[in-house]
Amino acid sequence: MDIAAILDDIGETMARATDRGRVATYIPQLARIDANRFGMAVALPDGQIFTTGDAKIPFSIQSISKVFTLALALGRMGDQFWTRVGREPSGQAFNSILQLEHEGGIPRNPFINAGAIATTDAALAGHAPREFLGELLRFIRTAAGDDSIHINEKVARSEEETGDLNRALAYFMAAHGNMLNPVDLTMGAYFHQCAVEMSCIQLARAALFLTGADGTPRLVSPGRRRINAMMMLCGHYDASGDFAYRVGLPGKSGVGGGIMVVAPGRAGVCVWSPCLNAQGNSKLGTEAVEMFGRATGWSVFD
Amino acid sequence: MDIAAILDDIGETMARATDRGRVATYIPQLARIDANRFGMAVALPDGQIFTTGDAKIPFSIQSISKVFTLALALGRMGDQFWTRVGREPSGQAFNSILQLEHEGGIPRNPFINAGAIATTDAALAGHAPREFLGELLRFIRTAAGDDSIHINEKVARSEEETGDLNRALAYFMAAHGNMLNPVDLTMGAYFHQCAVEMSCIQLARAALFLTGADGTPRLVSPGRRRINAMMMLCGHYDASGDFAYRVGLPGKSGVGGGIMVVAPGRAGVCVWSPCLNAQGNSKLGTEAVEMFGRATGWSVFD
Amino acid sequence: MDIAAILDDIGETMARATDRGRVATYIPQLARIDANRFGMAVALPDGQIFTTGDAKIPFSIQSISKVFTLALALGRMGDQFWTRVGREPSGQAFNSILQLEHEGGIPRNPFINAGAIATTDAALAGHAPREFLGELLRFIRTAAGDDSIHINEKVARSEEETGDLNRALAYFMAAHGNMLNPVDLTMGAYFHQCAVEMSCIQLARAALFLTGADGTPRLVSPGRRRINAMMMLCGHYDASGDFAYRVGLPGKSGVGGGIMVVAPGRAGVCVWSPCLNAQGNSKLGTEAVEMFGRATGWSVFD
Amino acid sequence: MDIAAILDDIGETMARATDRGRVATYIPQLARIDANRFGMAVALPDGQIFTTGDAKIPFSIQSISKVFTLALALGRMGDQFWTRVGREPSGQAFNSILQLEHEGGIPRNPFINAGAIATTDAALAGHAPREFLGELLRFIRTAAGDDSIHINEKVARSEEETGDLNRALAYFMAAHGNMLNPVDLTMGAYFHQCAVEMSCIQLARAALFLTGADGTPRLVSPGRRRINAMMMLCGHYDASGDFAYRVGLPGKSGVGGGIMVVAPGRAGVCVWSPCLNAQGNSKLGTEAVEMFGRATGWSVFD
């Protein structure tokens, strides 16, 4: 399989795209991004990397960070974790509070906002946010094999300034006894984890531990399959069915325009295009991995 | 891989199970089934069949029929079909009407009851229910390679007698212009399709067209991958995440206690145990395919 | 108090109104009404009648009929009635099905559609729809002191043709065991009761039994206060708070543009203007009774 | 009318009551109250006071304070106030967040928790909480004609410690731009206003300004009728219909077991019994004002 040629083809197609979607504008740091950026990287278990476009430019990984925090929380709590967070799709918008009220403060899955906050709270486990963020960065750096990955403090502060809806979710869970740490601490950690910056190459490499392929890091050995299942069912919020249908691979999107995709046993993949579709996922990014899935035949449903 | 040994092992484990769940009781035909039945069958693309237990005894396939009707409707309407039915998990009970009201009468996916009724309505396409049922039986018989498969009229009549909630869903969609046929005709067809009877062997064979493996029938060539994606994301109602997490294969359950599972490229699988868990899926059946997934390593998330 | 002068003043003000709202269009019989019609009548316990405008022209009373059916059902079942229907505002649209699902098929109050259907079902009480409709007409004719009041069969048939959402509500309640008669019978009765035609004068007179004033008919002696309370809290669907706030009197609106108002101890009032506001209540009608309430000082909150 | 005899009769009946309901336990200060307390007071416009039982013992007025804050906010903003808070019953529990999500952060009415928080936020109007609380106490003291009324600081602190659900409501509204002050300030004010302590006599007197009777204070002249309408439709949360039906007078209950009732043009009434019914309203208190309404014939629906 000529992955280089497939990526070239995708890069050319995306360069010609006229309807690119819209950049997220809720914080200035995202609103300012050049809407024409497009990058993609594929990392193989043997260390090979294939890229097209802006694959080396770091961007705000935002909700993709939820995958790494979930890995940490599962490492810490094991199956106990699932008493605090469900593992079913929500059928609601990513930031909806409805489901929490109907189900006693237990968020439906770790990838909607409420679930990700509860996951961060579980991963904090009584440590200071600074310690947790250090551990998270170590985890991501190890997975990506790259010590330069860092948190953008300006983005973190902007998240804090616009974070009232997430605070509402956190206080709601606290009211139902589903927060172990003071809300302020957990939210501080949460806003910072969203502000990690990585490039397509770094994220494609960081996804390798989820492929389970020989030679990739064993970071969450029993939980790996479960994280992939969660990404498949809930990784694109209320467009997860559409992504499964079109791409057929576990993936997690972020509002910064990145999508991290896992081809089990085969490769880590990342695509980035900052403009979003109506469901809040990268528009060209989704189209690019759809093309990639068709060209490689790697859909798990095939 | 010694599939025969794996099935023997599963059969023995299930024979020893003490907590088997509860038989569905909403119609007498289901309530009367022997709760100790357990059968399982694996059909390989090359024609080999492996079985354990009551694999030859026909049971009421109930909601598993939704997979075949979806195949028919996709064959008839192509991608147009998805203007009438969504492809996202619902995050609600299988028979909930809430989502319909919030989303203008468009059911979330083809496997919740409302979506299955809309799918039957699409597959009817102006034909008499009798013609549709004839075509559905031909489709299933072709897929299973077995002309003896039939509809249990007593079960169909019982479904009709207890079908008011499904009628409410149908009239609600009709009020939103999402029913093409008179509600009575569509519901007659729907109640009958749920009453098809098949054995584990027949269903395992009938699942082969969804594996895409060489030598299996090409019944829905472009829609196959999509049906598998729908089964993975929505095949077990509000326990689909749990099934994906534990089994890692597309599957569809029925309230009769059957589960049809697709191992893409590899095998069709069916398990049957009439007692259900709290989510309305076969309790031992789910455990059996979880054992099977672990033993074979066929989870698509591995 | 010079009621004649007050009505003259209201009539003149409404004649000058430019923004009149919009006629209901879901059935042709309502869509065809002259949008400029306006009438109002006040009936005093001593038999005096004051009117302005088109007070003698019969119109489709639609949901105002729910008050009379409630009186019949309470007469039949007494307080037992409230085991089938609640007495709280719904906080939802008049035709919403959501609340039914959350609360086990018990509608919130007798004036939302689901509750009115359950009320008709209770008032039917095993009789044929024809008998029930006869009794309902007798009740209304007695209340209004006018034997010419009748049902418009064309309107009834149109209601039936567009009644799928109401059928959905009925089947939903049937599925929860909250329908005593076959759905078809109850719905036939329901669609006909909505098609009663009355003039403002007839409705103002018919409201007198709810005033409890000396000399008015004693048709529902213990239930009268309760019917008034229900009208105050739920009589204008999801704009009942607005009506209470602006008018301060129990009232019931219909989609035909009529509003029947009760001034306890004082008068029966009816206003009619076929154009509706965004909440589905007569726009000028609401403004007219607001003017009337201010001019008379009859608000119960004063 | 012999009000003294009516109150004696009520006092005796309530002393014999065996099923008294349950004291609120979410904060220790309420849980510790003697469950056998019962008091009632009626204040006439001419200054006469009638009492029975523990009518002089101060208790925590809790949500009854929402009436006074609404009066302040209406005084400050006039009809502009209603752009921030609706005036319809919610059809949900008093602390539900569902409705806020469906309706863009605009609470349904000023008496559910979210609406009361928005009302406090409006009444704060940029002042420090301390100033607002001073003004609120002045308003209440003027209304009651009693300068000894104060806030219980221990109760206020307990409210703060258990206030996460209310904080969730506040942050949710802030996220929708419906909070003018920092959430912490508004919530500080809110928790303190709930901790005002008053006796039945003080609250009966304080209710007089809402009767509009000659000789009573004119504290909110145009808004008075509106406050009464809100109390009638929403004053008892999701049991407002039941209260209207049984009592027929505007009233506001608090979780401390008090109910303040307005008999327009006639009297201010207050009853206190700390044990609550399933809907969170004083059980004996509701029964007492029901008896009172029947004995006096003061129901506005009569």
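Before moving on, here are some points about what is shown:
Each chain carries a letter (A, B, C and D) given by its place in the written order, and its residues are counted from 1.
Quick note on the criterion: contacts are C-beta pairs under 8 Å (C-beta built on N, C-alpha and C of every residue); 3 or more make two chains touch, one makes a residue touch a chain.
Everything quoted here is computed from the prediction, not taken from an experiment.
For the pair chain A and chain B, there is no chain touching both partners.
With centres defined by CA atoms alone, the chain at the far end from chain C is A. As a whole-number value, the distance joining the C-alpha centres of chain B and chain C reads 47 Å. One simple way to say how far apart two chains are is to compare their mean CA positions; for chain A and chain C this gives 55 Å. In this assembly, the C-alpha centroid of chain C lies 32 Å from the C-alpha centroid of chain D.
Residue positions of chain D in touch with at least two other chains are not found.
Counting only pairs that meet the touch rule, the chains in contact are A-B, A-D, B-C, C-D. Partner chain A is touched in their complex by these residues of chain D: 96-98, 100-101, 164-165, 167-172, 174-175, 183.
Per the touch definition, chain D reaches chain C in the complex via residues 86-92, 99, 108-109, 212, 224-226, 228-230, 232-234, 238-242, 244-245, 248, 250, 264-265, 299-302.
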